[in-house]
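In what comes next, chain A is part of two complexes: it sits with chain B in the first one and with chain C in the second one.
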Partner chain A sequence: MKGLLTTVRELFRYRGQEGQLAWMGHRLSGLGTVLFFTFHVIDTSWAFFWPEGYVHALKLYKHPLFLLGEMVLVLAVLYHAINGLRVVLMDFFPELWQYQRRLTIGGFVLVGLLYTPAFLIMGAHMLQGLDIL
Partner chain B sequence: MAAETGAPARRVNINNFETNVWRYMRLSGLLIIPLLLGHLLILHLINSVFDVNYEWVIEYRWGLIGWRIYDAFLLWFAGLHGFLGVRCVIRDYVHDAQVRRVIMVVMAMVVIFLFLLGTVALIGAPFEPVEIPVVP
Partner chain C sequence: MTMKVTMRIRRFDPEKDAKPYWAEYTLEAVDPTDRVLDLLHQVRGRFDGSLAFRRSCAHGVCGSDAMRINGVNRLACKVLVNTIVKGDEGKIQVEPLLGLPVIKDLVVDMEPFFENYRSVMPYFVNDEPPPARERIQTPEQRTRFDDPTKCILCAACTTSCPSFWANGTYVGPAAIVQAHRFIFDSRDRAARDRLAVLSQENGVWRCRTIFNCTTACPRDIKVTQVIAEVKNAISRGRAD
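So, the complex of A and B:
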């Protein structure tokens, strides 16, 4: 547990810059996605085991709070995918290490570029679905 | 030459558990990226949660065996990738061997439970929606 406290405290103190940020983001997005995965497998399995429950779960997913959660989830998955791809590439091709900083920041930019249209589309779905638009 | 580049003179094949976990995380990651981005694209961008309902899932998604296989791949590869990732985080922060062992055993049971639940549902789900009572 001491290690956990150190990680949280040093997040603001230790100047690991973009590398530390990338690592922290990878960890948080991964853990968040696993948490959602657990619930998602259970509720999706209800389509077979308990259709009434599945209908209830899908109603819950249409709640505004879950729609916001969906937006966060897509960002988490997208970030984890792109940052993970960078880690894989750098591990398999060590000659890329000299571009580590540029690749990390480039990854952040790519996430932003890909997430913007996704965010707008999900926002439009949300406004339409909730009868606001 | 080897001395100049710092490359090892002989490739050593390491096949212990941790190295295989390391390999699995990278290789499964490469597989999961297109699978999961495709999943998000179809269900969250092209369609949305407002299009998804019980009949739709049974008829249009699980009605096609290919989507069941797709979902099974996601379940197994992403599930194992995710929980091996949690294992990595736990090994970073929990240093008490006893506590760590308990967490690992519980987590292994959760993984087995989820894999069974998901796999049985993917195999067993009907191809025609069953009549369900109207939910108010």
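So, the complex of A and C:
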């Protein structure tokens, strides 16, 4: 536990470069996705064990707050996948180390590009829920 | 031209202090081409003779003065003041390496580090009778492990690694670099044993390819590449 706290604190104090940032993002997005899956498994099981609860949950998920959460989820999954592929690539082809900076930043950019359409579509959907559009 | 530099140093004396604390010392006339190590000497000479830090060669060879300088692991004897302080006034923050127990001020206990180092058999193993003259090696075979031979065991890489901060039993980048130096040596015969050690729970797989070690290495060893080569050797079951 002490190691964990130290690590979290020092991640903000140690001036690592994009590699450290990419890894922090990887951990955050990974943990976030696992958290989502846990809830998702539980609420889906309600379809069988507690049908009323399931219907209620589905209604709740239409709430703009949950739609916002969904947008974050898509970003997390996308980032985790692309950054993960980059790490796999670097591990299998060690000589790529010299491009690590460019590959990492390239990964960030790629995530941004791929996320933009999802962001626009889901964002519009959420704003509709808020009756703004 | 001289500059005014404030040294912000993380201090801790187990005999006096309950907790580590930051102390500041302002040096009025610093030569821009002084090294951080020189400034530590000045602080010790002018302000507090009890300031503890290690140094030996003062020329980036022995690896005893690795510390965290302005947030990154460096050798104090290799950092010129004018590369980290711009203009004629500034601050330099110095603290001990992270992940190893602090003995006093900037001096850390290196024993856990060396314990990890010893675990990878960092020595030449070959029981075959030696040939009449020498064990011949081609220049290509020699080049194969050239990079890791530059390691000076300063611990800058290992203590820059978040995996090591979180779990001190991870052998760490430096030990893997040392292992690589022998694993890929065509004359050595213990590659299998070293790969077996490194494929365990606290071996290479704790490396998350974060690259902090590569940027921290004062000898410019491509540490992450070296680790990835060992990972590949383990997954292929052979070193070549």
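Here, the second predicted complex is superposed on the first by the 129 of 133 C-alpha atoms of A that agree within 3 Å, B and C clash if a C-alpha of one lies under 4 Å from a C-alpha of the other, contacts with A are read in each partner's own complex, and residues count from 1 in each chain.
Throughout what follows, a contact is a pair of C-beta atoms (placed from the backbone, for glycine too) under 8 Å apart; a residue touches a chain by one contact, two chains touch by 3 or more.
The structure displayed is predicted, hence computed values, not measured ones.
K.L.:
Quick one: classify A:Val34 as touching chain B (first), chain C (second), both or neither.
P.N.:
First partner only, chain B.
K.L.:
In the superposed arrangement, which partner chain does A:Tyr54 touch: chain B (first), chain C (second), both, or neither?
P.N.:
first
K.L.:
Identify the partner contact of A:Gly16: answer first if only chain B is touched, second if only chain C is, both if each is, neither if none is.
P.N.:
In the superposed model, A:Gly16 contacts chain C only, not chain B.
K.L.:
Between chain B and chain C, which one contacts more residues of chain A in the superposed model?
P.N.:
Per-residue touch count on chain A favours B.
K.L.:
Is A:Trp97 contacted by the first partner chain B, the second partner chain C, both or neither?
P.N.:
A:Trp97 sits against chain C, while chain B stays out of touch.
K.L.:
State whether A:Gly129 touches chain B only (first), chain C only (second), both chains, or neither.
P.N.:
first
K.L.:
Figure out whether A:Leu67 sits in contact with chain B (first) or chain C (second), or with both, or with neither.
P.N.:
Once the two structures are laid over each other on A, A:Leu67 reaches chain B alone.
K.L.:
Kindly classify A:Ile42 by the partners it touches after superposition: chain B alone (first), chain C alone (second), both, or neither?
P.N.:
Only chain B is touched by A:Ile42; chain C is not.
K.L.:
Given the touch rule stated above, what does A:Leu4 touch, chain B (first), chain C (second), both, or neither?
P.N.:
both
K.L.:
On the A-aligned overlay, A:Thr116 touches which partner chain: chain B = first, chain C = second, or both, or neither?
P.N.:
neither
K.L.:
Can you list the residues of chain A that meet both chain B and chain C?
P.N.:
3-4, 7, 87, 91-92
K.L.:
How about chain A: which of its residues touch chain C in the complex?
P.N.:
Going through chain A, the ones touching chain C are 3-4, 6-7, 10-11, 13-17, 19-20, 22-23, 26, 87, 90-95, 97-98, 100.
K.L.:
Can you list the residues on chain C that touch chain A in the complex?
P.N.:
Its residues touching chain A are 68, 70-72, 98, 160, 162, 165-168, 208-212, 214-215, 222, 224-226, 228-229, 231-232.
K.L.:
For a test of understanding, state which residues of chain B touch chain A in their complex under the given definition.
P.N.:
Residues 26, 29-30, 32-33, 36-37, 40, 44-45, 48-50, 52-54, 57-58, 62, 75, 78-79, 82-83, 85-86, 89, 92-95, 110, 114, 117-118, 120-121, 124-126, 129-130, 132-133, 135.
K.L.:
What residues on chain A touch chain B, complex-wise?
P.N.:
1-4, 7, 27, 30-31, 33-34, 37-38, 41-42, 44-49, 51-52, 54-56, 58-59, 61-62, 66-67, 70, 74, 77-78, 81, 84-85, 87-88, 91-92, 118, 121-122, 125, 128-129
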